[in-house]
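Shown below is the structure under consideration.
To keep things simple, chains are lettered A, B and C as they appear, and every chain counts its residues starting from 1.
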Amino acid sequence: MTAKTTASGVPYDAQGEMTDQARRDAAMKGFVKEFGAVAASHLESCVRCGMCSEACHFYVATGNPAYTPIHKLQPFEQAYKRHAGPFSPVYRLFGLVPSVTVEKLQEWERLIFDACTMCGRCTLACPMGIDIAELIKKARHGMFKAGLIPDRLQLMDRTARAWGSPATPAEDFADIIRDTGEELGVPMNVDRDKAEYLVTVAPAELTEHTKALADAAKVFNAAGLDWTYHTEGFEASNIGYLNGDLELQEKMTRKLIDCAVKIGAKTLVLPECGHAYGAARWEAARWYGGEVPVRVIHMTELLAEVVNSGKIRLKPIAQSATFHDPCQLVRRGGVNEAPRDVMKALDLKLTELENTKALTWCCGGGGGVVSNTRADPIRYKAFELKKREVDATGTQRFVTACGQCRITLNLGAKHFKWDKKVESLLELVADNLAD
Amino acid sequence: MTLLDFARGPALQAALVIFIIGALWRFIGALLLPWRLVPAQPREGSPGTVSAWLKGMAVKMWPHEPFAKHGAFQFINGYIFHVGLAIVVFLFVPHILFIQGLTGLSWPGLPNSFVTVIGVVTAASLVAALLHRLRSPVLQLISRVDDYISWLLTFLPVLTGLLATAHLGARYETMLALHILSICVFLIWFPFGKLMHAFLFAFSRGMTGVRLGQRGAEL
Amino acid sequence: MVTPQTLGEILEGRGVSRRAFLKYSSYLSALMALPPSMAPAMAQGLAAARRQSVIWLSFQECTGCTESITRSMSPTLESLIFDTISLDYHHTLQAASGEAAEHAREKAMADNKGKYVVVVDGSVPLKDGGLYSTIAGVSNLKMLQDTCKDALAVISVGTCAAFGGIPKANPNPTGAVGIDEIIKDKPVINIPGCPPIPEAMTGSVAYLVAFGKIPELDHLKRPKAFFGDSIHDRCYRRPYYERGEFAEGFDDDGARKGYCLYKVGCKGPVTYNACATLKWNGGVSFPIQSGHGCLGCSEPDFWDQGGFYRPLSTSMPGMGMALAGAAAVGAALGVGAALTARKHQQAYIREQAAKGDEK
């Protein structure tokens, strides 16, 4: 695993000992498996209007045409045309569409992984309704098989496969929970045999943001819910969902759901994490034949539930605030109103960002981009879009509902010496419970 | 056989045959691939499949506000030549009679002078679209030969049609033959390039409408 | 019969005043769209013209062209002009018949070698050695070739002689063709129409006689003076076309109001003739004015353009079947392509499963 450069001077990472030919073949096969009627309809439909570029934070922040979203799919589309499209036998026979070369795949690694957070804003802009974000996610499967993903993501993948989480080995999970509970004086439930609610966590909560573990516990306890954390199903952020390792995605999703079933839980609660929601709520059905046996909700939805049903009461904060809508939760996930219900209950006077809800600018760190340090320069440029908008609201508090967004935005703030603190909605609720 | 006889007869027939074969081949070939819309349980209260599909088609008729700022020219100009083309093709009496001859359907047309004006506006709009493509760095990166061929083959029927009715260029019969031949080439190219978006948009938009709509996400 | 007198002398002998003669020449030159200054030249030319020998050959024809030319409605002077050409052979108008008639033709050819004009109406069949139309046991083809050998020029009168006309219509069982497909070494003027407008015929002959040269012709060898504009461009109903007001049938409101006849099959836009300007029967009317669309009768293959009542912009008949067949083929190819791609995918998936979790 060393950083390489193509003949044309484009940096890329390559993992494993495969030959170029083997990588190319692996990518092609990975791509071809994805080409169903839906992907085909999308890939046939681009009219090269360029509207997607103006929706993408990376293009808008840098002005680099290479970050035009549909352009990032070029090798994927080429593979479709050559191998699965309706005219593909003719194209192959007469050489009308060439084979995707390994150089092209190497050049495109950074477009698929560094310059795309799979935020889906381009999907909303495309007049032909091409779900570009979804197709990038599919393309990553092939790239993963080819060993052409950013080294950092590969490292996290190995860790997750070995430990069950990129943050910590599964064996240590219960200790972390208990230690945190003791430290902060919050009663914790872990590894109970039966519970109504299985609560899961994101990796950042097991390392820097451990307070979140206690915050969740406080809320659940205050609401009087029958809940537990569990070693056999704790890691929710699902790195396989974003780095292209579909097998890992399946493994991690099954762990959560099977564990929930095992302990008789009716509800699986996902942490403040965007990709966790996309993976467990919207893609788990792939492996359960359409009928996932538990209800899957995001922490924000849980908070809205307990607030709206009066199970918990909150102290008013009475300050102005603005909210960053995590892409996978709101734009791709459909959880539009829950955060606003909670903020209202906290008496936070909400001033929406200029681009808000489904049209929010991505924080720039999703899809593994914040973990991929090679992408830092463009991520910081994208951050400036967010910073401008937040400053324009002139609000006192800046809140979000995803740990990765928080990390990304705080890294940006540090880089630009911006004094704004990015806060977690869960934390605000936990810290303002009225007893 | 004069050029006009050739154009109206064997050429048009061959072009229509190729058009139908190609379009059905491409359409069915793509849509008969495995259907894998992930069947997660839809969000409670979200629109049903059919209405989500239709909403997906409808919402894309105009860009969302943040995209409208930069996309306004393209959308407005796009509507001008799409609507203009539709008016010229479907509301000019000789064209209506052609369709009637093929299908038996007919409807009233517009006065010729009106159609001529629309034709000129459509041609100008197409030229503007080409200039925009040539001057945009994004479009220069992603554009392909297909984009230029499709443009040319859409532009030529408009141009030759205007020249024919205005009796400019060559003799009327020759201009008319060239007009019909330009339509033949357009029809032959149609299934193989981006002109197919005329049919595909319904599916691509609809599918995204369903995927996002069933999540309760905004389109 | 050949007369050594000039036309001017003949007319003078018959009491036609110089003034009347000049007036007629002006009328004739105006008819040909020649500038007024040409009138004296035409008068001079006509006056000095010797009686022109004309041999009129009739082949696969209906005699409609002869009927038309004899209706040439003009003052008595025109029939005098007609008299002043020496019509040495004409099936319908000549007195002689049988061998005497053929002998007259041969004599005229010999006496006026290189100077006589051949007028032809009717097409010539070529199939099976040309035996489908003969005169005095001689095929039209042979008679045409023999007669034109020493001719000055050939005038093909009527669409049959010009382009093959009705005998040539699908399936053309006799192999009929127009005259200029056979005669390649003499100047040919086509005066088509079914029949042609009388003045188109007489005016063109007068031009030839007066100036001794061929008038300006279009690409189909038709005199531009009579065939230079399409019916559509001179039609008095054109404003209705432009406004989109059409008769939908022959007895509807639009028909009674005299709307454009495009929808009931008028071929005006692609037909070149003088019907809309000179009209027929001395300017009384023409088909469109009488409520029927133009048949396009002065154009080649007018009989095979899909139908007199099918609008010009309709596709040619027989499209429906071809398109239905195309749909079947397209659907089959689409299904085949999808199945091939699916097989491709299944193979990869199986291969992946067989290799296990290889990474």
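In this text, a residue touches a chain if its C-beta (ideal position, glycine included) is under 8 Å from a C-beta of that chain, and two chains touch if they have at least 3 such contacts.
These figures come from a predicted structure and were not determined experimentally.
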Central subunit by CA centre of mass proxy: B
Interface with more contacting C-beta pairs, comparing A-B to B-C: A-B
Interchain centroid distance [CA atoms averaged], subunit A/subunit C, Å: 78
Inter-centroid spacing, subunit B versus subunit A (mean Cα positions, whole Å): 37
Whole-Å gap between the CA centroids of subunit B and subunit C: 42
Junction residues of subunit C - those touching two or more other chains: 333-334, 337-338, 341, 345
Multi-chain contact sites of subunit A, meaning residues that touch two or more partners: 35, 84-87
Contacts with 2+ other chains: residues of subunit B: 25-34
Touch list for subunit A against partner subunit B, complex: 35-42, 44-51, 53-55, 59, 65-66, 68, 70-71, 84-87, 123-131, 134, 281-286, 290-292, 330-336, 355, 357-359
Touch list for subunit B against partner subunit C, complex: 2, 4-5, 8-9, 12-13, 16-18, 20-34, 93-95, 97-98, 100-102, 108-113, 167, 172-173, 176
Touching residues (chain side subunit C, partner subunit A) in the complex: 333-334, 337-338, 340-341, 344-345, 348-349, 351-352, 357, 359
Subunit B partner contacts - residues on subunit C that touch it in the complex: 230, 233, 241-244, 246, 262-263, 269-270, 300-301, 310-316, 318-320, 322-323, 325-327, 329-331, 333-335, 337-339, 341-342, 345
For the subunit A and subunit C complex, residues of the former touching the latter: 16, 29, 32-33, 35, 83-89, 144-145, 147, 247
